[in-house]
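Working notes for the structure below.
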Amino acid sequence: MLFAYSTLFKFLRRLCIFCLVLVASSTLVFITLHSLPGERAEVMARYIFLGNVEISPSNEEIQLIKQKFDLDKSLLSQYRDWVTGILHGDLGRSYKSNRPVLEEITLRLPATFTLASVSVLISLLIGIPLGLLAAIRQNSILDYICSTGAIFGISIPNFWLALMLILTFSITLDITPVIGYSGASHLILPAITLGTSSAAVLMRLTRSSLLEVMRQDYIRTAKGKGLASRDILITHSLKNALIPIITMIGLEFGHLLGGTVIIETIFAWPGIGRLLIDSISARDIPVIQGCVLFITIMYMLLNFIVDSLYPMVDPRIGGSQFA
Amino acid sequence: MSLLSIEHLESQFVTEDGLVKAVDNVDLEIDRSETLGLVGESGCGKTVLALSILKLLSENTKINGKIVYKGKDLLKLNDADLQAIRGKEIAHIFQNPLNSLNPVLSVGFQICEPFMLHQNARKAQALREAVKMLNLVGIPLPSERAKEYPHEFSGGMRQRVMIAMGLACRPSLIIADEPTRGLDPTIQAQVVELMKELIETSGASMLLITHDLSLAAELCDKIAVMYSGEILEYADTKEFFKKPAHPYSVGFLESLPSRSMKPIRGTSLSLINPPRGCRFCPRCDQSTKKCKDIHPELKKVKDGQFARCHLYA
Amino acid sequence: MPKSRNVNEFIKNKASVAGLIIILILSMAAIFADFISPYSTDTIALKEKLMPPSFEHLMGTDQLGRDVLSRVIYGTRTTFELSIMVVAFTATFGVLVGIISGFYRGIIDEILMRLIDVLLAFPSIILALVVVGALGPGIFNTVLAVSLVGWLYYARVARASTLSIRETEYVEGARAIGCTDSYICLHYILPNCLPPIIVLITLNLGSVILTIAALGYLGMGAQPPTPEWGTMLNEGKEYLRDCPWLSVFPGLMIMIAVLAFNFIGDGLRDAIDPRQMVIK
């Protein structure tokens, strides 16, 4: 009974933090973008009157915009309007396309989701097994190759890796398409690029985590009972080694989401990351806000899920890493 | 008829500062149904000796010598044969039960493992046996507690779990490393009683590692005193406590709270470059020039008592 | 802290030493760019544009005829200047806040903890992008944007070190003989924080370089004609098919610099007594 109560409590606590982060980050962005109302009006004017963000609008045009869209209101009331809008599912309209922000985002959500999930899969399938192997055969040639490869993996800028992969596979060897969004062959290069750095991080962590576990007294106890190395690894070591890895996966999601911004731009992948970049260049403020909000939601959701995996691996922890 | 015979055992570590000879040329014997107490201060090498028997030391160690168990040299066995002996014929009960139990596996499962491994038992059968063992070591509500995890047990309970795990397959030899360390005195007494009972009923032999002489007095038939990697005295318990032979043993006994609590002057030596002569010489009040230069051998003092000291040469 | 043993450990690690040498070479290049660079970075010579690597131009020329090698060398200066600025600020500020927060606990500490939980894991490049997006691109805004979240890493490490030493008898003894808080912080706590902070600085320099280059690549960082590796990659990407050298060399430099810092950081982390390290 007490156990159920504490799990519920921890769940609620996590939920609170989820909401807190959401509110904090979107507010932060809101404030940043809205602290210059004059600018906003100017940008809007450029789009609405001139259809072109390069030419400067006249003062009258700016004034008209300010009046029409109530940009003269105080920051607080604008914030209130925005929040009310969100609660009704209205995130405003894009300055550039004049479509609802929500629509722009949901159109692109599947693309980012696909890219992100495949990348995560790649990094898990490469990083963790290699890390385990490197730890089991510590100081062997395999270990040396994997560890060195991993350091390269975390040092290489992902945009450069993307360019080099395109150069090698698309341009020189002509086996993969460069840009586009139709079919698995378009997904390979972006997913590999995104997954590499995470794979490297996971590989290093898995290796050190397993090595740390192997040094523990309870492994010696298992040996003393007569267990063979394979059983010791699978039954006694893996679960323990996974604990810090699960934390890292949550953090890597963050980096992955950040990485989509660049990767989607390079590969012309129609996802949210690319939308964010484009809207920043175009000063399309409602879209920027909407993107940040969504990315935050995605990130927190993923962490939520990862968090709830904890009790499955470590019985000492009843709840989350935030507890 | 000896069950375990340790001959010229040398266990060495390679460290940054040099070669550490934690166990330096030790000979010991344990008979059937006999309990041998290996006593000494921290760092004298007794735990290393114990771990050497089942080759449980870490990777950077070298073991030389012979450890003969029921006619087989354990140090020469291949992995599979050694694994068949570990936990089944010889069981090691480790120090520090909090760190020696796997935190993510249930206590019941950890006790199941020896049954599943050595007796080919199915999971359900093994679990039944595990619960029986928990009951045997005096843990209340054994079938519920078997599902719990080590962190949910108290220190004394965890120690009992370690004992249950060790005794699961009725080994012929039990190596118990500081089984009562860190426990409250009342709990200590309970664990001691438990061990006495179990040894008596099963007829197993035991190698008891401890720095607690009173514990050794209660449980052991014979005592071996270890210092700086060597055995300094080897005697029947009765003879030992009546009149210890080696000056170190004398000092050790005198330092007990129950006696005069007089400490032995000086500190123990580094095990890297041991001195030429007797290792206890720098701290011994009865040392002579001979002690500094010539390393003493283990010599018979009287029936049932041997000492490594020039006083008895 | 047995310094000589730590230094020995470090030297034994070949990768770390290699990393150190690379950074020294790059630093020399940055400092003496004026002397070793074969050409000036802003000489525009349209007749010689987009030439592949040759004897005269070891790394080829870019779309305005500028020598790529020279720009890469000056790019070292830009990159190092920016990253050092970021790290200098974030490390100082972060350690200060971390020590104060860990030493005095209380509300400040609670707030810092929450801030760390919330901000640190969120993709920092997105925050940096938003800041640059709001304030406009350029060097100063880049430094500001990257620093905004970076100081939290140092605060977390410094706080953890502070907490660990705060309760020791070492510090209690100092208090007992009447040392002031600031004296204790300066002479007891700060030295204890230094080993993990130094490791963090080397590793952090690597990721700061990556972030700055990423912003440059997206057109949000250093602006042309300033030679910065990321910006150069941005300028060169449209010529990827025909003039790949514009994309190979600047990116390679980024990787080498970050690699070197990672080698050093790894070596430092292994060499320094792990018991002194509070974080992994």
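Lettered A, B and C in written order, each chain numbered from 1.
Basically, contacts are C-beta pairs under 8 Å (C-beta built on N, C-alpha and C of every residue); 3 or more make two chains touch, one makes a residue touch a chain.
If you're wondering where the values come from, they're calculated on a predicted model, not measured in any experiment.
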For this session: Examine which chains touch each other and state the graph shape they make (line, ring, star, complete, other).
Result: line
Problem set entry | By number of C-beta contact pairs, the top two chains | A-C
For this session: Taking each chain's centre as the mean of its C-alpha atoms, give the chain farthest from chain A.
Result: B
For this session: Starting from the mean Cα coordinates of chain A and chain C, work out the distance between those two points in Å.
Result: 22
Problem set entry | Averaged-CA centre spacing for the pair chain B and chain A, given as whole angstrom | 54
Seminar exercise, completed: As the complex stands, chain A meets chain B at residues 216-218, 220-228, 235-236, 239-240, 313-316
For this session: State the interface residues of chain B toward chain A in the complex, per the touch definition above.
Result: 54, 56, 79-80, 83-88, 91-92, 94, 96, 99-105, 113-114, 117-118, 149, 151, 165
Exercise. Which part of chain A faces chain C closely enough to touch in the complex?
Worked result: 17, 20-21, 24-25, 28-29, 32-33, 35-36, 151-152, 154-160, 163-164, 166-167, 171, 208, 250-251, 254-255, 257-259, 261-262, 265-266, 276-277, 280-281, 283, 288, 292, 295-296, 299, 303, 322
Seminar exercise, completed: So, in the complex, the side of chain C touching chain A is made of residues 15, 114, 117-118, 121-127, 129-134, 206, 210, 213-214, 217-220, 230, 233, 237, 240-241, 244, 247-248, 251-252, 254-255, 258-259, 262-263, 266, 280
